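Read from first to last, the chains carry the letters A, B and C; within each, the first residue is number 1.
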Amino acid sequence: MGQQLKLAVRTLLRGSGQVMFQCSAWTGLFFLLGIFWGSYECHLPQVAWGAVVGLVFSTLAGFLLKQNVADGDQGLWGFNGILVGCAFPTFLANTWLMWISLALFAMFTTWVRQGFNNVMAPWKVNSLTFPFVFMTWIFLLCSRIFEAIDPVGMSHPVAVDVAATAFGVDTGFGHLVIYWLKGVSQVFLINSWVTGIFFLVGLALCNKWAAFWAAAASAISLALALLFKATPTDVANGLFGFSPVLTGIAVGMTFYSVHYKTAIWAVLAIVATFFMQAAMDVFFEPWGMPTLTGPFCVTTWLFLLPLYKFTVADPDHSHWHSAKAK
Amino acid sequence: MGQQLKLAVRTLLRGSGQVMFQCSAWTGLFFLLGIFWGSYECHLPQVAWGAVVGLVFSTLAGFLLKQNVADGDQGLWGFNGILVGCAFPTFLANTWLMWISLALFAMFTTWVRQGFNNVMAPWKVNSLTFPFVFMTWIFLLCSRIFEAIDPVGMSHPVAVDVAATAFGVDTGFGHLVIYWLKGVSQVFLINSWVTGIFFLVGLALCNKWAAFWAAAASAISLALALLFKATPTDVANGLFGFSPVLTGIAVGMTFYSVHYKTAIWAVLAIVATFFMQAAMDVFFEPWGMPTLTGPFCVTTWLFLLPLYKFTVADPDHSHWHSAKAK
Amino acid sequence: MGQQLKLAVRTLLRGSGQVMFQCSAWTGLFFLLGIFWGSYECHLPQVAWGAVVGLVFSTLAGFLLKQNVADGDQGLWGFNGILVGCAFPTFLANTWLMWISLALFAMFTTWVRQGFNNVMAPWKVNSLTFPFVFMTWIFLLCSRIFEAIDPVGMSHPVAVDVAATAFGVDTGFGHLVIYWLKGVSQVFLINSWVTGIFFLVGLALCNKWAAFWAAAASAISLALALLFKATPTDVANGLFGFSPVLTGIAVGMTFYSVHYKTAIWAVLAIVATFFMQAAMDVFFEPWGMPTLTGPFCVTTWLFLLPLYKFTVADPDHSHWHSAKAK
């Protein structure tokens, strides 16, 4: 037990050291000491504690996903997470929603790293700290349109409209059902709840699980949009739903066979797609461009690239279509 | 005949169903019904008809390029095209030029998908709906500087100058020749028609086909710039010509041996480069940056990545230079 | 000797010809004549001389790095460099610092091309003129915040704050030491010189070379920031230092074994990271976003992808961590 605790602490401290490529617990300890000193000196203690939280959750993600333990032992699951933990409290207001997001995004970096490394392996390069960079960019962009997340530490944007629009959508049950159905109809850029019913029925005709994941994804993303207080008009028009709908069908029953483990993975992918949608909405604001289904594509790639096998069968992603041919 | 028609309809309806990964004609039919219902309900009937046109032309492109018929049979040539067909009339004014562009870009998605899938195959991921997303982004960006294409359905850009500048360039024959020659000289960032002659002569010294494609590409892109009413000063300074000139030489006689089939391919590549140029001009406006020869690079990659073999000889793109060594 | 000179001239002229894919000295000669005619006609003689300088330095880089001589002989080391040479004097004021940067970036394109070609080889496509495009974009973005580099030839940016802020930072020795140490502490987003000492000590505990490269990188980037007159507040807060620090450790002693040749390579990588940092700062201004350690990731990839072997041992980049496991 004591031995296990010792190993756990070493793994975490090495995660700190690996930010600068040093697989050494002592180096990591000094880095943490420096972080605590500096964050308290700058009157931002939450940065130091964020570092600890990010380090723990990203390392935990590696164990949960049963990734190569040798990597984890060397602290390679923690160095992106500790940076997420330093960045979130540096740029964002200290709220409970920020802390939940911090833990979630710290975990994201662990499997995003696995995917990026798979992509880069043929050229013998490594994703370095890019998983931290990429996922943090996503959430910082989100903060521009989430009324519940305040980018207090970020500089003023030159080309993003930050005029405070008080969050307000009618959350009566009838309205929520309409937003939910429009989230499905927007897959084809149609803004009609009736069309949403046509689409769900059409899906059910072919595969009930497809209809289930489409419905679930639109509901989950709607709930998240209300929780983070995203752009009201977009919420009402189902614009936070269509990309998650596609991700849900893709990850929940197309590229992975239906299973309780893949269901958890699909829910995480749906959640990630919601954030990707908000981030890309902000990214395209300078040009007044729509994201189209870009958020679905990018997020689905992020969740397929780690090539995790949750079930016995290995889904050969490159032939999803023939596998489903009727 | 009746059998062939039945197969064609099934292929098209499956293309509709594949947007949500369902290889089922019935699912596709319900999706189309939903699209028609919603588009008429929203008083945008052109969206529904656009969907049909996009579906037909993108599927047609697959047959014309003799791609793997099993894919087409499953509707995998149509799902990007139907989305292009929904998007164009949603964001752009209903003009004949919009419809021609819709059909062309729907066809683009079919071979762009082939290229993207080739790129992603090593990691067992698929391009999903990204061919639709990418090509539609390109044209929607173009709409910001094409006076002939009106982005009525797009939100106001924060960092793109949309001050209406009435299109006006002197189209006397003498002037057109100067714009055409400057299109060639701008390859080296030189704004001089005399330099354009030096370049054409220099090309002819080595290979008459190189000179031909340079001249043809500059002329084609100039004609398109006048047709779509692109930024007048840029047209006059040959800034829509230099990237197509390089694409023309690359696709017309460098990476593919001269042949009537590759000639058609080269013309399509030149046309695509013109749109890519306009799109990147808009993309870089927030930073006031020049695109340099970026549009040529991106478009040429898009036309080489499908690895089509139009002639007997297989052009090994990775050794274009040695193949032409003198 | 005369023979060697003849070969050198042919190589250079072919470099000019290869911009349009022609491996012919005569074609290249006509291109150069056209460039000289046009640049003098436009009263920008520096463009023509820039072309010559860029051509010579990029070709020189190929020889210094002992790249495949057959490529160089065909002018494939020169065509990106000559374009850099045309672009810099076209868009930037004619100062000695611009000329030094021109020569340096022309050389960059030669190994960046090697890396890009390695990346694209699996799909049989070539980087074309993208090394020129990419590296020139980087420096032109830098020019927006370098008071010492004036973008006289660039159009007005819509979303970049170009309000002239006179460069001014206290350059007393004590202050420079603080900026230098903060450059190290900012790796973890901490703005404290004391934390910088913690980090350097932590590095030295594990590997003295890691501490050396971290210290050297922060110093080099600080010197460059003062030379190019970069954003004063960022210089004072060490924001130009943290990415080079990581690049220095990565290239100087992690992915390559310590050696005088790799030391030269590491210094070049540190310099490149400094420019990448400035460029990404400008790129993210429209969204008011921080670059995080993105500049380090991108630049380190650029310096690893050519897969140069400076020492006997071949560093298998994909296993840097296990190689350093303690």
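As a working rule, a residue touches a chain if its C-beta (ideal position, glycine included) is under 8 Å from a C-beta of that chain, and two chains touch if they have at least 3 such contacts.
Note that this is a predicted model, so its numbers are computed, not measured.
Contact topology of the protein chains: fully connected, every pair of chains touching. For the self-contact between subunit B and subunit C, the two sides draw on mostly distinct residue numbers; the shared fraction is below half. Taking each chain's centre as the average of its CA atoms, subunit B and subunit C sit 32 Å apart.
Residue positions 122, 158-160, 286 of subunit B each touch two or more of the other chains.
Of all residues in subunit B, those touching subunit C in their complex are 118-119, 122, 158-161, 185, 187-192, 194-199, 201-203, 205-207, 210, 214, 245-246, 249-250, 254, 285-290, 292-294, 296-297, 300-301, 304-305, 307, 316-318, 320-322, 324-326. Subunit B meets subunit A in the complex at residues 17-24, 26-31, 33-35, 37-39, 41-42, 47, 51, 70-71, 74, 76, 82-83, 86-87, 90-91, 117, 120-130, 132-133, 136-137, 140-141, 144, 151, 154-160, 282-283, 286.
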